[in-house]
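Consider the two complexes below, in which chain A is the common component and chain B and chain C are the respective partners.
Entry: the complex of A and B
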């Protein structure tokens, strides 16, 4: 271990010391280090941390020489910062690959990321700041034999913290094929036609050694053996059509019997459908999306729950908020069954009009709703529960009667003068706590407001003022803690230096407590390097990036981040 | 002890990286495949601007500073193009969740950048981008000559100043 570290250190050190030209190739990469020191705080629920300091760090080193590239990522979690799974503790080379591209062929050996279509049956990706990484380890081949046709083949196993995945039968083998045709690139005579059509299909199979599962009938004492399938296949078909201002994107996926820990070991087949319609003209954009997910959790280990070993990607059809109080109740897809719709309208009021003012005004409207699917449960032997049965049947077009999440939000952004820019935002949210694993809790209804004003000072310096307010009647504990207000003032100098102070105040808690989550931060940016220090309190909550969420425990103390690209 | 050694190494490594930035040689754009808004595949190494330098901006629909940056540049883009012939590739790293919002946002905001989709962050990784926004200037030979992370109001003015220097083939510090 130490030797590897030393080797990496020397290699990267020598790159930096001399030049990034190595045997005619180029070396690039990036680096991030997070450092946290948190102390106990009983008021906000920050637990005692045994280590004085926690640290996450990684660096990617990428070597490119013409058609050849190779790279590696070294990661260290000593110990992992709060909110990261303790199984990340340790350090080592988590990712390494070599890749060769020639003419129409691209071959990658080692670790890689890839996605088929919208990801309904396969997506390998990372969200480093969430501690989420399902990198494949194996082989990937992409062939583009003629223009407009791409064929991808993948085989491998998925990362699981620091486990030696190849040493254990416990980790399934993922194999897949995908083909995509862009008709307009394939057929030259229609290349510039207003009709643009592409379609694709994919197939994925996960192999995991069968295991003996037994269930006991509690009343008779009979023992049943469940035959777990070893190969779980899924397939998907998709198309994308655009005609002038209109476009359509649709994908349908089906998954074979896959009894697993997420679905309660039922044999019901999985199904997912996704449809998105868009209209895009100058100054007006509209998008309407709908999806149906039925028993589509797909992992390369049948007994796994949680965020690791995901083979596919089923994002929520809801707006991803940047303001913290708007993201207080984030929604994540219910992989066992959900029907969702979302609509977005984006409109620009032209400048030099009565409503648009001197500079024009941007308006955004977003609506989303997620419901349960229809479920007719099979006749149940109460002593057996549903394990080993088909579980339920479901009618495709019938919407279930439970609502998981609903939101209507509206945003207005406007440049008032050369000095001021203003954004106003409002959201009404209905949140069913069952969506984050709290069944039986009262629904949360919240009105949320934000105003954000940027003021240009002398050349290249600016001030930003932000005020947010969350109003809710629900006030029954950690999940729904009544009203919140947040204020932030941020100063920027020359795009290099910033300082900010903010306070998030939970002023209407049920037990009468008034909790302040104050935070001070400063940052300095030099080209592609950035260092940021903050001190203060972090509320317990959920951080979501790209549709995947992670619980962040409360903390009180210092947090520093250094990032750099080179 | 082991921890201490590791910490020292990482600190030294980061120092090395930070201090090495000023004398780095120029990397080329990789031949990573990305998509245009109408679903066509294009390689990043094929990005071009009729023999002139161009700009690449990484962004996402959910990234507030990215919106500020692109809106500020959109307002000046016509003037910039007229004056310098600049071209901006706005590379969205929105994944399957937010990708359908890219096209309506681009047209609804009336942006005329070349918008590129990098749905599974292949190009983002290949260029060592940590977080958006991250901006690159690529010279007429396809070499990355300048890059910057983050956005603060006024950064767009720095960008166009540097771009003009790249056009004149002046030394960039």
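Entry: the complex of A and C
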């Protein structure tokens, strides 16, 4: 068995023995391949895959020599695995760049990722699990003329699958500038002060050629033209303060007129505010965050919807869950308007106390709530809707009437003995399906439980038993109908080998078959390479990372992942 | 200090990159000029016509040559050709040298930029790209007009009626757009006023076309005037064969027009996406 696995790594992990020194520099890289073979399953809604087998793969190669670096990423989607946009189909160099540092400047030509502040007006990033890649292609300059001052300048266009973005005016040009000053680095006399403060400001402008956009008055047959601005500007100011165990992060952003497909081509100006207050001391951590988003979708193509060509990033203030039933109703950031709060408390009960026991106990409490914003709509033209108007006005501090999402969850992690470690988790979720684009459907109210017990065995091996239960009286379409239960048993050998079996059972489904979504998986890690195989059924669902979501269609079959790095 | 100054150079370009603000009255452009009033159709057409846009200016020394070429083309092609003189670019900026006569229009300037007609004289024919660009030298107008006549598919006809209302200083234009074939895309319609017989100053370098270095009594014909109705939508989607779209427009007469009796209404329909002219027609007032 070991020889077979080694043979696989001769193919997949052959970079391990690769010489890493070339021309005095260093070459590093990584590789990942996801392979999927799914068969038709009408009961769970898995569609027939004509290609029989699907594959996503990429490899990054990075060369570094002192202050110079250059790299590339080759990607292949042959054809894209289920849930990824078919426009990814193909293979080629998706990312390439060269960068050097000289004096106080750092210059990057080609592709790059970058973020200004919290990303409210600019964030270029990749989230492979979402099929999201809005890498910039252009130039980036970072200047650090004096200690404590950093100025970033960016210009370029964003990746759009395999399209030649430079051949078409359909893809907007993104220009931006960001400056950040750390007062403690700038002023030597307060450098070591416990009171640390920094300020930042950023400006982004997207140029896209104006288009002739017409709408028809269904009553009179008259045709109207919406004049679209060509330069859409956003600006933001931010501040970070920390004092001993306390810290504060605040940012406010404003966006000019930007009628686009996401906001229904209204001229209402955008606004976003983000505030985070934290306290971190030994055994206790508290974080309270709040945000307000009002018409802040910013894309480098006004007619684009979906996840591509996002110029900015609007974080979701909800807990990112790892347990699958807890993530059944994920929250998607409402870029057209929402107000949200989140509070996190982490507390460690000391060991050798009545409540903490012999090993101590970790407690986590999380509460989050996302609401609509207050909106006073302008007079509606029944034939034209709100298109071409300001749409609405909104009071900054006034919360809207509609709840999008609310969750209260509690987690207890405790080492019981040298052999057992237990985690218990409970969550109560209120989920408005409008948040993922299903208006008019009934609210979901769910009680979700999880128990996770790890049993340490001999020879660095362990067994993990996981049980999850989701109780709800509502049926949410085919995605989440009624009650669910999930059980998992996983064997782990020293972090190198694992085997797991799990079953997710929709036992509360009222109409149709109460489906078992079983899954068998096995994985092996050899040095920096890893292979994982799983076979089973995957329910249709939605995954959200940071409030950005992707539909995952149902599948039934084999899934394999190979990763390697050098 | 020097480092900071250099860094500020990074910031400076951003001052030029501002945010466009669309004023309230410009956000949704109502179909100004569109009306339910009608005037009888008096000009019908049943052939594919060609629109020649002659980009010109009074300071352009070779433009009399191009104007003569346009006249020659009208003689040769007759009613099959519609000529429109678009006075634009720096060559058309008025001064005391031409008695401050301004033939420029906002849309003429935009077209000159959009279609790359910045070196004058030049022309575009049915807004078709010739290779990678639109402009065609006056020496090639004849062959290209012939080429368009021979190759362009006859999709539709535009029938016209027009009536000048002297009290209101308005022109009522009725259009009847008759589709002879299916057309798959959305279309725009433009209604403009041209004036001929305007006498003024024109620079000239070629004695074959008048006195040099300027002609004081040059006759400007087919001059594109202000207040045209530009890029109005004719159809938001494709149109089926045998469809007839009637649209009526009221144009405010450009106060600079010297003699309304020497004016012509030109109507042309173009593809929303490619901007190519599908059909054109004209009617004299």
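Everything below uses one rule, namely that the second predicted complex is superposed on the first by the 540 of 566 C-alpha atoms of A that agree within 3 Å, B and C clash if a C-alpha of one lies under 4 Å from a C-alpha of the other, contacts with A are read in each partner's own complex, and residues count from 1 in each chain.
One rule holds for everything that comes next: contacts are C-beta pairs under 8 Å (C-beta built on N, C-alpha and C of every residue); 3 or more make two chains touch, one makes a residue touch a chain.
As the structure is a computational prediction, the values presented were derived from the model and not from experiment.
After overlaying the two complexes on the shared chain, residue contacts for A:289 are found with chain B alone; chain C is out of touch. Contacts of A:230 after superposition: chain C is touched, whereas chain B is not reached.
Once the two complexes are overlaid on the shared chain, A:451 sits clear of chain B and of chain C alike. Applying the stated contact rule after C-alpha superposition, one finds that A:276 touches chain B and leaves chain C untouched.
Between chain B and chain C, B touches the greater number of residues of chain A.
Of the two partner chains, chain C is the only one touched by A:146; chain B is not.
When both complexes are overlaid on chain A, the residue A:43 reaches neither chain B nor chain C.
Only residues 2, 5-6, 9, 12-13, 15-17, 19-21, 26, 28-33, 55, 57, 59-60, 62, 64, 69, 76, 78, 91, 101, 113-115, 118-119, 123, 125-126, 144, 150, 182, 184-185, 196, 198, 240, 242, 245, 247, 249, 276, 278-287, 289, 313, 315-317, 320-322, 344-348, 359, 362, 364, 413, 415, 421, 454, 456, 459-462, 492-495, 498, 525-530, 546-547, 562-566 of chain A touch chain B when the two sit together in their complex.
Those residues of chain A lying in contact with chain C across their complex are 104, 141, 143, 145-146, 149, 151, 153, 175, 177, 179, 203, 205, 207, 212, 214, 216, 222-233, 256-257, 259, 267, 384, 387-390.
Interface of chain B with chain A (complex): residues 2-3, 5-7, 9-10, 12-14, 16-21, 23-25, 27-28, 30-31, 33, 38-41, 61-64, 68, 71, 75, 95-98, 100-101, 103-110, 119-122, 125-131, 134, 146-155, 157-158. The part of chain C that touches chain A in the complex is made up of residues 3-4, 6-7, 10-11, 13-14, 17-22, 26-31, 34, 186, 188, 231-233, 236, 272.
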